[in-house]
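The next block holds one structure in the form of structure tokens; read it before the comments.
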Amino acid sequence: MHVEAIELNPARNVTLTAYLQPTDGEFRRVVRRPAVLVLPGGGYTMCSDREADPVALAYLKAGFQAFVLRYSVGEHAVWPNPLDDYEQAMALIRLQAEIWGVYPDKIAVVGFSAGGHLAGVAATSAHERPNAAVLGYAALGGCGTPANTGAPAVTPAIDDLTPPCFVFASVSDTLVPVQNSIEFIGALANAGISFESHLYAFAPHGFSTAEPALEDSAGMCSRVPRWVDDSVAWLADVFGAFEDGGLGEPRCPRWSTADAAPTLSLDCTIGRVMSVPAARESLRSVPQLARLMEAAPTGAGADAGLAARVSLRTILRYAGVPSDEVERIGRELAEIELGH
Amino acid sequence: MHVEAIELNPARNVTLTAYLQPTDGEFRRVVRRPAVLVLPGGGYTMCSDREADPVALAYLKAGFQAFVLRYSVGEHAVWPNPLDDYEQAMALIRLQAEIWGVYPDKIAVVGFSAGGHLAGVAATSAHERPNAAVLGYAALGGCGTPANTGAPAVTPAIDDLTPPCFVFASVSDTLVPVQNSIEFIGALANAGISFESHLYAFAPHGFSTAEPALEDSAGMCSRVPRWVDDSVAWLADVFGAFEDGGLGEPRCPRWSTADAAPTLSLDCTIGRVMSVPAARESLRSVPQLARLMEAAPTGAGADAGLAARVSLRTILRYAGVPSDEVERIGRELAEIELGH
Amino acid sequence: MHVEAIELNPARNVTLTAYLQPTDGEFRRVVRRPAVLVLPGGGYTMCSDREADPVALAYLKAGFQAFVLRYSVGEHAVWPNPLDDYEQAMALIRLQAEIWGVYPDKIAVVGFSAGGHLAGVAATSAHERPNAAVLGYAALGGCGTPANTGAPAVTPAIDDLTPPCFVFASVSDTLVPVQNSIEFIGALANAGISFESHLYAFAPHGFSTAEPALEDSAGMCSRVPRWVDDSVAWLADVFGAFEDGGLGEPRCPRWSTADAAPTLSLDCTIGRVMSVPAARESLRSVPQLARLMEAAPTGAGADAGLAARVSLRTILRYAGVPSDEVERIGRELAEIELGH
Amino acid sequence: MHVEAIELNPARNVTLTAYLQPTDGEFRRVVRRPAVLVLPGGGYTMCSDREADPVALAYLKAGFQAFVLRYSVGEHAVWPNPLDDYEQAMALIRLQAEIWGVYPDKIAVVGFSAGGHLAGVAATSAHERPNAAVLGYAALGGCGTPANTGAPAVTPAIDDLTPPCFVFASVSDTLVPVQNSIEFIGALANAGISFESHLYAFAPHGFSTAEPALEDSAGMCSRVPRWVDDSVAWLADVFGAFEDGGLGEPRCPRWSTADAAPTLSLDCTIGRVMSVPAARESLRSVPQLARLMEAAPTGAGADAGLAARVSLRTILRYAGVPSDEVERIGRELAEIELGH
């Protein structure tokens, strides 16, 4: 493994440390590697060592490349300095992707506490969006400390470019209340962004990987350390898992449900499809659906009964529509513009 | 193991099945057993076998007594019939607690989907409250199907008697959207009720224990089956774990934080204590705190800085207040009436 | 779940308790179920409750049917009474397989301590062999207590009909030394029987499932309770896992290596194949192998270099032999009689 | 994390790579760190990258310092060159222990295949013994390849200085048969050395950490990757776990049983104690034991009944011997010289 320490902004003490593992050769399943960009916490007054290398090591072990960004803190934390640091780091990693053996479109940001705030801003507002975000006891409702005047709240900024998120926290956290995480996942759910969330009954703020070297297990519930392996497994679902010849297909959909996606598809529920006038119009041309459409709900406010939740693909198959016709309908639906 | 099938209400086909393990004798660590009351799902039109015995078996394996309630469904589901069934079942278990080897104050309700709705109503509104609730892909926002007219929403009903909850669901659930769970845990957090929550990236509705005998692992993410062991570990945190001579002390606090509890304590933050006028008054008698109090924030709206988040116990220790005096203060605070 | 208590031999207090789960219906993946026959320990003076139902429950949870045999103990333990009890129980389960929803060729015996001795005898010497054996801190070197005169040692009895075994024990066991398990797996390895083994650094004898309700975790290492889930996963490898429509193909081979199997196959090493004269003769007809065979080792005592460990299938593919010719060779090899 | 690459022997291409994490400061539980010295496999013809850094990373994540030794291979592999390399590396680590933040008496060697052979030699024959050994699919029966003439077998060399061992392998391994591991743990058991062992039903040789980046999970059973976390947990049992202020007391005893230890103690069985004439003599002075001793077995060949397996401490307590007298007896026993 090769370590590179890169000064991103000497005037603000911003550094990027790259932990780089080899590809190819004996690592026949590794063409390139997915990566994590770790953003330690520390209330924008410091970058905690506890949430830096120990986190990088967890993902390195799983085969990732890992980067630790020590962003602007203390007097340098004036917004948008930390975000600028992030943009610079992510742009550099993508620029160097080939040399560093990184998939440029499989880079997750992993942030904790204030670093989780920064990771959340990156996921919702940055120019260089991460491809997934792991947010630990993150200050997502905003983190407007004296050190960081002007930092925006994350939750209201969720948009269609926000990548899938993995959100974990302790319910008993007194420093960053768990509501920060709950409101954020609520907004993700409403926006249809895919996510996973683990909120543990009790643990102190700042448990990092919860390894015994870092944190006393007596003070936290036994599930806490699982977030590490769970986030690794989730990233394999989102990015694709290592296979011979490279990463496989992602198992985790980009959107929480097909109905939540920004375009219609055959996997949408019949209720969703029927709520879009242009889609209703398009389906009129399918004779087998005639009777169905008369009975179907006619709008967003319609009865959300079980029938309306069956996917269009299932309905078409059930109605005996030939498969090439089904595919044609799928293509037609995908082109309908939605005012999301 | 002994199985008893009890007809609770023959007219409505309501039955309680009791799976009872022995106590004492060779089971020297088992004076009595904690218990689960399982409420299967099925949209109030049926009680699913998939969410009945397989769930009971998971907790039996962990040393619990287990009960499965087949409550009023179909034409009998008119509200409040299902809730009445629950009340009758829970009252019977507590009445029989000694004979059945159950701790009457360590009984969790475990409900799925519509059964999760019923479990949620039990946790928030029943006369016979459970001591903990495990809620799986539960219809907590309400479940007003034709079969179940008048069933109330669960989330708005959360009160101070609501026990700790373990909430799990799939983010990709199209039948009972994950918002049901998110809004519920948001309300728990605001009410200060302790909880744990696991929301998995993708799985179909109705995965039950997610054992391979029940559900194809190809369709769900690898973390899903963990809810079973995690809920068992969480119940040991809430009820106390098996020890020689009986259950030990619970590790999981009743309230998410000391500040959330309905009475003040030494573990409250100084900010919380100071926001209560009677508590401020009481602390005036402690000379070592004089200087501190001048500097301290004066109300609920005060600066929620780091200092205000330190616990009173820590402050008193730091200020050199003798330990018997500290205990006296604790008792005094506990008696202050709070308009919660 | 249905429980049946069957008196197998009232004069000797021998009973079989059947825990039976439903098949089909809502359990669409369950045509029939694999089963376990549990043999509790107790030094042939008793059948311990700690190693009876709690063990059955672990496998029931995983979708198995479970049977507990309380065999002849105390004054009735005179050999071969306990073995006769086993034969009677296993024969009955197979006779009732259809009614009880059991795959008659997917029944594992699970025995502990003295019950592990009995399970070991069943696996190596019984008429009604189990299809797999799980042996916990088992007295495999023999268990000739006064209560059980004449009971044979298990290890010397291993034969070609012995099924795959899962062997676990504690290294610090002072009652049944771990050598019992080590000598047994050594003999399995030499016989080529597939097995899995977990020997934990420290735990007292008789930990059963090691659930906290049964055993204090303070006295044993953290890995101990894993044998339960590991044995369930191993049985799915040996019997096939639940799939839609029934159990899938086994992943775990019957023999530890192809060389250990009682017939030759394409997966045998070239060294193994060449050590059998009839096989050498058969391969002479393959022109592409001519040069290879001149260089190849000529007998069991030959140099066991890396080359000799390559499989015949690989060699044939490398030599460019067409695939139907490869299959023909495979069939020919399978018919060669080996004096095993 | 700091990486140092040290040339140990340029003429033979021997290098030691040190991965060093900080101590103290924010790592308040970390005074120093336990360490692993990783010995990759490769048949003494190479040092496999697959068994180098990925292994180091697993232990680094758990809070260890990690060292990778690339020892003499190929033409340089002539025995005892590789062992000399090991001795040099281990001596250097112990010399630098303070500077490198390592506990000099808590260093495990972790070896695979041929590197497992070297690790085994280190554990049984080196001057600089490791404090624990993790041996993966190790060639413990000897590894006399052309590249490594004269390398000794490991198993016959086990002695009283051999540290606790963690032994794992695949039962279906065709390159290094599982008998290598079984014979080794059998000899450890006979010598009374504490160990833990996991032999997995099927996996190819050389699976390393079995991370998906390294090995296809389709070819191996699901338990295989667990050796990593299990070995970390076992090392915490052997070395002591991280606690505030340093490592705690080891939970895993040095010897598999008290009877196996090279000195007598109160935890020995009464049978073991009575088999030593000097100990019998010593106990004669305890009046409460008089009657007991008349009944007790008199030698190594005596009946190994249950009574003889009770610990002396239990007997003395039961006989009402005062605790200071018990301690005196313990001290007296510890001084008896045993011809082990």
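Labels for the chains are A, B, C and D, by order of writing; each one numbers its residues from 1.
Criterion: a contact is a pair of C-beta atoms (placed from the backbone, for glycine too) under 8 Å apart; a residue touches a chain by one contact, two chains touch by 3 or more.
Remember, predicted model here, so these are calculated numbers, not experimental data.
Both subunit C and subunit D are touched by no common chain. Under the touch definition stated at the top, subunit A and subunit B share no contacting partner at all. If you average the Cα atoms of subunit A and of subunit D, the two centres end up 42 Å apart.
Counting partner chains per residue, subunit B shows two or more touched chains at no residue at all. If you sketch which chains touch which, the chains form one closed loop in which each chain touches exactly two neighbours.
By the touch criterion given at the top, residues 1, 3, 19, 21-22, 25-27, 29-30, 33, 48-50, 53-54, 56-58, 60-63, 209, 211-216, 236, 241-244 of subunit D touch subunit A in their complex.
For subunit B in complex with subunit A, the residues that touch the partner chain are 43, 164, 171-172, 174-175, 177-179, 182-183, 185-186, 189-190, 194-202, 221-223, 226, 230, 233-234, 237-238, 251-253, 256-257, 259, 269, 306, 309.
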